[in-house]
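Here chain A shows up in two complexes: once beside chain B, once beside chain C.
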Partner chain A sequence: MRFGPLLAAEFRKTATLPAAWAGVAVALLGSAGITVLNAISARAAIAAGHPELRAFTSVFQTGYAAAPLGTVGAIVIGVVAIGSEYTSNNADAGGGRQVTTTLAAIPHRTGLLAAKALTVVLLAVTTAALTIPACVGIAALVIGDATRETVTLDEALTRSLGAALYWTLMGLIAFAVTVVTRSGMFPLIALIANSSLVSVSLLLTRLTPLAFWLPDMAGRRLFGGLSTVEGGLDAGAGAIVMAAWTLALLATAATVFSRRDA
Partner chain B sequence: MTIAVRLRNVTAAELSKLGTLPTAIVAAAGTVLAAGGIAAALAANPATQRSSAVAVTAQTIPYVQVGLILLGILPVAHEYAGGQLRTTLMAVPDRGLLVAAKTIAVTIAAALTGTVTVAVGRAVAALTRHTAGVRRGEAGVLLDAAGYLVLSALLAHAVALLVRNLTAALVAMLGLVLIVSPLLASVSEGARWLPDRAAAQLYDPTDTVLTAGTGTLVAVAWTTVIAGIATVQFIHRDA
Partner chain C sequence: MLVIEQLVKRRGGRTVLDRVGFAARPGRVTAFLGPNGAGKSSTLRILLGLDRADGGRALVDGRPYRSLRDPLRAVGSMLEGSGAHRSRTARNHLAWVARSNAIPSRRIDEVLHQVGLAGEARVRAGRYSLGMGQRLGLAAALLGEPPALVLDEPVNGLDPDGMRLVRGLLRGHADGGGTVLLSSHLMSEVAGVADDLVIIDAGRVVAAGTLTEVTAGHESLEDAFFALIGGNGETR
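After this line comes the complex of A and B, so read on.
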């Protein structure tokens, strides 16, 4: 079977899931909402003559501050892309799971998983490409010319690409874990909680520096310029460590998915 | 049968259903285990060396509330995963009674889990620090923290009743307590009126306007409004 039609089929399947759109909406609308609030209070700080009360008041930085929130959207997309296959149908309709139909149509399991993973990448990257410019646009509308831009275009582009990479890798990690658990519940809880302030990884870094090598802690400097905890890997090395985790988890998922009964 | 007897019977049925739901047992046991692990990690952290075992237990609450949220969502959400709700309604056609009984069952399950969770957190924190002895008034503080956990579970129960779907309820509740409320709190004073922020006065009384009592009232008001809308819908809608 050729890969093109397979990818098209899987992309269409995921893109028609309401839950996948909920993931996109969480990233897009959630980030936009936070940007509006941040921009309004940045504008108020400038108008009051106390811009130093805010960590930053430039347009790009205000828009970009919402980027870590988008990770939640990517996690939802990664989880539902495969979790939906394992959800039982209504008992009236036989209580079957979609994965059996999918595997009857595409028996090549590794290829199927690759197509699904690529779908997650496409959706996460598209969401990032819409969300980050939209947030910066909102910040520009609200703050406007009240402030001087301190971030160069090059730097802005690098930071945006870093955020998009973090979202994509986190989406893939969520996807790989859900393949193994066959239920979206556990990965959703663990990964959303870990993306927030109540992060177990963050807690572990206070006990042992080894925790800086966990995937979410390693990659966090990809959100360049946002104030984070001291210590740990820098952006380049962190990205490599996070990508290595992602690949290892995807390889585990592929092995499990190929060898296990559906 | 009088209404009280029927309510007692249906509540007993709902509790026994909950006790045989593997995910609910795993959620409750997982929460207690997580409380122990996180309390040990927090107590071993050099940065919190000065705070008491009770203070460390209070710091575990933002982590373990996730388990109680799941426990609050499951009793309603599992009825909608498949056709079980129709069987349930066949057995208990009085829908208002069913919602009341389910809510009582969730309260009992959450109170049990919450109390054990807080107690384990307190014990592990003390063991990690090698401290013994109980301070005066400690039990009250710990019970307040357990009360916060019960309020979280009840809010999650109300949201699940409204959205009728496990994933949607989970994302909504986790989004509220882990992301929206901390982010809003950093930009707006109004965040104190969110249900989780208001109820948090029970274990972390730092707010200048709300106290533990009024904070609890705010959280109960949110839960009552959401559960009220959801119950009216539940009574009037096809299952």
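After this line comes the complex of A and C, so read on.
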């Protein structure tokens, strides 16, 4: 089987799924909403003559501050890319799951999984490429030239790539976990809660420094310039550890997927 | 030609297939009959590379399904109804299926017409009736113009019009030299279209042969069927 048509089919399949668009929308609209709030607060602080009340008032920093929450969108994309295969159709319509069609069309399972993982990467990177500039743009519109930009263009680019890498890796981790669970519910709830509400890994660092090696804690400094808890790995080493987790989970997923009955 | 040899499948200590073997030949409609849970779907799933066998093998023109390049051009199949995600339209579903096996996109409209779904091509699969879902599944099976068709309960839930359509389609496919293997638990639907029969009960093939051979000495296919499965393999 050739990889080109396979990737085209899988990309099309995920990209035309309304649930995948929900993921893109969560990242884009959620981050944009937070940026609006942050930017209004920053402008108010500047206008009141107390910019020191905010962690930062620069346009880039304000727009970029929403990036960690955008991870939720990448998680949704990763989960639905494979979870949708296992969703049963309505009983009235005969039930059945898409995965039977998929595996009949593409019996080479490792290749199939690779095409799906690459689809997640493409969608996560595209979402980041839309979201981060959009948020910085919103911050620029709201704050205007009331503040001096403290982040250089090079630095802004590096930080944006860091955020895009974090999103992509989290999307792939969500994907790998969902391959194993065959249902999107558990990974969606657990990973979204961990990324947005209560970080279990963060709490674990209070118990043992080993928790700094968990994927989300290891990679958190990829969001350059944003305040985070002390300790743990720096951005480079953290990125490598997070990527290693991702690869290990993908390898596990591929092994399970290849051996399991559909 | 589809060949099943000595297939064994165990699930949780239970033997669901016990040395199942038969062939479906070109130019003929082979009906795979048995009560619910007899092992029909398990056999077809192994043939299509979806599940693994614990013994034996299943071959498509001498090759395992998983080794086929662009398998939809060799075998068209339908299992589990439409096989489409509920949020997809028929057209969208067929579009990704076509692309995965490098099938020209003009085939999408052709098969939609062929199964009578052209008017519902933009309806989401989740809103389909059972019969429409079956038609979509059939459309996906026909997409790659495959020489062989493998269909699990293809007439289940179809209205009389749909049943007639499917029978005509299968007959036409076999008469054109194609291979058709279909499973069913409904005798009456099969009697009119099948050339060869394979009857399975509790994971074992209890009879195989042409329609005349299997029904010899019985009033009807239904009588033959119940006599065969009633004896649980002993009457062979």
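Some observations on this one:
To be clear about the criterion, the second predicted complex is superposed on the first by the 261 of 262 C-alpha atoms of A that agree within 3 Å, B and C clash if a C-alpha of one lies under 4 Å from a C-alpha of the other, contacts with A are read in each partner's own complex, and residues count from 1 in each chain.
In the analysis below, a contact is a pair of C-beta atoms (placed from the backbone, for glycine too) under 8 Å apart; a residue touches a chain by one contact, two chains touch by 3 or more.
Computed from a predicted structure; not experimentally measured.
Overlaying the two complexes via chain A leaves chain B and chain C side by side, clear of any clash. Of the two partner chains placed around the shared chain by superposition, chain C is the only one that A:A9 touches, whereas chain B remains out of contact. Contact with chain B, but none with chain C, is seen for A:L69 once the two complexes are overlaid on the shared chain.
In the superposed pair of complexes, A:D261 makes contact with chain C only, with no contact to chain B. After overlaying the two complexes on the shared chain, residue contacts for A:T252 are found with neither chain B nor chain C.
Of the two partner chains placed by superposition, chain B and chain C are both touched by A:A19. Once chain A of one complex is fitted onto chain A of the other, the partner contacts of A:N90 extend to both chain B and chain C.
In the overlay built on the shared chain, the residue A:A105 is in contact with chain C alone; chain B does not reach it.
Looking at the shared chain after the overlay, A:T126 reaches neither chain B nor chain C.
Of all Cα pairs spanning chain B and chain C in the superposition, the closest are 9 Å apart.
The interface of chain A with chain B overlaps its interface with chain C at residues 19, 90, 92, 95. Residue ranges on chain B touching chain A, taken from their complex, read 23, 38, 41-42, 44-47, 62-63, 66, 70, 81-83, 166-168, 170-171, 174-175, 178-180, 182-184, 187-188. Taken in their complex, chain A has these residues touching chain C: 1-2, 5-6, 8-10, 12-13, 16-19, 84-85, 87, 89-90, 92-98, 100-101, 103-108, 259, 261-262. Remark: chain A residues 19, 22, 26, 30, 34, 37-38, 41, 69, 72, 76, 80, 83, 88, 90-92, 95, 184-185, 188-189, 192-193, 195-198, 200, 203-204, 206-207 touch chain B in the complex. Here chain C touches chain A in the complex through residues 45, 48-52, 65-66, 68-72, 75, 77, 79-88, 92-93, 95-97, 99-102, 125-130, 132-134, 137, 140, 156-157, going by the rule given at the top.
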